[in-house]
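In the two complexes below, chain A is the common chain; its partner is chain B in one and chain C in the other.
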Partner chain A sequence: MADFDWPWQYKFPPFFTIQPNLETRKKQIEAWCTLILDYQKYLKSYSLDVKEAQNSPLFYNKSISRRLHEDGIYTILGELQKKGHIEWKDKGRKECLIMWRTPEEWGKLIYNWADSKGLLNTVCTMYEISNGDDSADTDFHGIESWLLLRALKSLQLEGKCEVMAGNEGVKFF
Partner chain B sequence: MDRFEWSDGSLMNGEVHIDQQRGVGIYDGHDKTSFDYGMLSVTSHRIIWRDHRNRNSVISLPLLSVIYLEEQPSGFAKSAKIIVHLSAAPSNKSAGPSTYSAHSYIRLSFRESGEHDILRSLDEALQAKKWEQTSAPLSQTGTVIKDPFSARHRPGIVGIERSIQQKNTHTNKQISVAFEDLNKLIQQAKEMVSLTKSIATKIKEKQGDITENETRKFKSYLLSMGIPNPVTRETHGTGDKYYTELARQLSTVLTKPVEESGGMMTLTDVYCRVNRARGMELLSPEDLLHACELMEVLNLPIRLRTFDSGVLVLQSKSQDEEQVIAHTTNYVGENGNCTAEELAQCLGVSVLLAKERLLLTEKVGGVCRDETIEALRFFPNLFLTRPA
Partner chain C sequence: MHRRGAGLGAIKNKTLAQAKYRDKGSEIAEDKFSQMTQQMEMFKTNLEDFARKHKDDIKKDPEFRLQFQDMCASIGVDPLASSKGFWAEMLGVGDFYYELAIQIVEVCIATSPKNGGLINIEELRDKVECARGRNSQSISIDDLLRAIKKLKILGSGFTVINMGSTSLVQSIPGEMSMDHTKILQQAQKNGFISLTDLTQNFKWEPERAARALEFMVKQGLAWVDDQDSSGRKYWFPSLCTNIGR
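Moving on to the complex of A and B:
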């Protein structure tokens, strides 16, 4: 796996202090949002534990000994939530689900893949989509089932597939 | 009984204690009085009676007013007595236990005997007439009062009032003496100021002869000598006119120092500097603030400015806000990053002002901050300037 390509901000100390100037803060938070989603995508991680993340390289740059503190993390996660990229698992906001693509985007991706593989009008299992050989080189290879289900549900709303009872299989149209 | 006076029990000048006897009561003529059991003392000048229980109750009778004595021996259930016949009470005697008496004699009743000794002592004292030999008893018996302030032995409210009055006059005298000294000092200070002024003009004339360094040194001396004609409420009245004049004077005095200290000076610094220069005519913080508020209206070269944090400064007009921001942004850009302390050192301004500059620049997005436990550092605002 190639090393993660950190953005320039990651080496810029003020990046780890939430800026009081509104205009500056907007840019800073934007950069953080992008970084978090990119990093999660790189890890193929679908959830984030706030306590654990504080000491992960994502929020703690050892080389310049700067870390983003809990308050800052919550500020940025709040912003991500507004954009629909995360969802809190619990009320205490200890852990969140991260969707570096929204369910709709995932749905589109999966539909295109199914189309290209000639899977329309056939029934596939969920496992086939997330872990099957056919999807090995796709982004959604290894996708967690809750997200996959949500992506398919969004497709179903568009009338492009139908999820079978029991959530084990799906039929694309 | 009306011949008695209240007393503090102490002896007068030249008075000698002769004899004493306890358990003595006093009768006003035939009538019993409340002074019925106490210590009787005979002195060369007076008969003094102290209450047995209440030590503050002391009365005295000057021997001068005694005409003659009579002995009344003890009888059945009766103590021995001495009858003391008295002359009329002097008109100006001190306050006593009673102001009127129907009798011209008193009786001393000796409950615990001892009347013979006392009678003898009294006789001796009356014959010796020691009270006539010194002048002090005169005031006691009340014929002449020579010095109203030597009323140490004048008891009662009048005496207390007099001693308070005496103390007040003394204090007043001392205070006026002290202020005379202060006036002299002010006078001398004025002379000093005119002297330095004349020296200053001489130096101007001979400017070629002295080095620039010396001139600068002398100028700093002059600064600490003060403002020669400070604007005061006395000279410039009250209200707006006073503040206007004060503002003008402040701007003349401060324009240069403000510019030398980087174009800004906190109001606290201004306050200290101005009051040091004014010497005696100190300014109140409120007056200073009022005067500074007027500076902008009066179009003076310096004006008051309030930072967002509430810090008040006097700012030179040439010190434009945009210029400050541009300058600070440049400085931070050149150095990569800086703290308020570093900027303060570089510009020669106080840390407080340096911080205000940085915060101001941050507000418009010129710099951004990096807050750590060690320090608050400011960096060029790459978030806005660097293309993503």
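Moving on to the complex of A and C:
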């Protein structure tokens, strides 16, 4: 796997201090949101444990000995929640689900893939989509089932598929 | 005693002589004039020849362009005065600087989220050259300064701040005071500065230093870093060109 391409801000020490100036802070939070989603995408990770993450390279840049502290992390995650990219798993906000693509975006991607593979009007299993050979080179290969289900449910709302009872299979239209 | 030159005849002679002098004078002037016109004609043809011959050099080589500009300046010709001028038609240099000015504006706008509207002139040049594509002519700092000068016509949006060995181009409206310029100069080496740096090096009162730094944070020019062991540091993205390259 290629190395993660850190943005320039990651080597810029003040990036790890939440900025007092509103305009600057807005840019900073925006950059953090992008960084978190990009990094999770790079790891193909679908959840984040706040305590663990504090010591991960994402929030702790050892080479310049700067870290984003808990308050800062919650500020950024709050913003990501507003944008629909994360959801807290628990009330105590210890762990969250991360969707570097929203379910709607995933849905579109999966639908286009199904279309290109000639899978419309047939039934596919969930496993085929997330782990089958046909999806090996797609971004959703290895997607966690909760997120896959949500993506398909959003497609269902648009009338583009129907999730079978029991959530094991799906039929695309 | 024979008094000479006091009679009617003498007056007549005198007017005659004066008329003759006048004629001769205008004759000489006409001569000179036609000579001058001829010289000018020649000068123009030579310049045209020169320009035609070196058109590519002028367009491509920033060094040569600078010398050409200097030459024109020394004989009182501004090849950039108008895009319809003789030079512009001849060389298209007028368009060159207009085009460059637009590219400068584009780069400044595109990078302002990062640097708050303050950019090192070398970084600006790299970015402009990048935007122009690989095959176009190279750009010198002098070209940039000339193009920026043209932008001044549009108002006080663009200013060049001299930093000694290099310059910063400011694309946000708003005057920088002497204090702010001094801070930038001081921060230039490391990309950041602290309040104590200012009170110690400039012997400023802490209030004065704090006010100036506060202003730069408010303008989005400086970011604060509270995780340094020796207290708060003020960082200037515009001075940190080595980060993220």
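The rule is short, and it goes like this: the second predicted complex is superposed on the first by the 173 of 173 C-alpha atoms of A that agree within 3 Å, B and C clash if a C-alpha of one lies under 4 Å from a C-alpha of the other, contacts with A are read in each partner's own complex, and residues count from 1 in each chain.
Heads up, the rule we're going with is that a residue touches a chain if its C-beta (ideal position, glycine included) is under 8 Å from a C-beta of that chain, and two chains touch if they have at least 3 such contacts.
Please read these numbers as outputs of a predicted model, since none were measured by experiment.
On the superposed chain A, the positions of chain B and chain C overlap enough to count as a clash. Contact with neither chain B nor chain C is seen for A:51 once the two complexes are overlaid on the shared chain. By the touch criterion defined above, A:27 lies against chain B and chain C together after alignment on the C-alpha atoms of chain A. Touch criterion not met for A:83: it reaches neither chain B nor chain C.
Contacts of A:17 after superposition on the shared chain: both chain B and chain C are touched. Once the two complexes are overlaid on the shared chain, A:66 sits against chain B and chain C alike.
Of the two partners chain B and chain C, it is C that touches the larger number of chain A residues. Chain B runs into chain C after superposition on chain A, and of the options 113-121, 131-139 or 149-157 the stretch responsible is 113-121.
In the superposition on chain A, the residues of chain A touched by chain B in one structure and by chain C in the other are 8-9, 12-14, 16-17, 19-21, 23-24, 27-28, 66. Contact residues on chain A toward chain C in their complex (touch as defined above): 7-9, 11-17, 19-21, 23-24, 27-28, 65-67. Within the complex formed with chain A, the residues of chain C that make contact are 113-114, 116, 192, 217-218, 220, 223-228, 233, 235, 237, 240, 243-245.
Residues of chain B that touch chain A in their complex: 337, 362-363, 365, 368-372, 377, 379, 381-384, 386, 388. Of all the residues in chain A, the ones that touch chain B in their complex are 8-9, 12-14, 16-17, 19-21, 23-24, 27-28, 31, 66.
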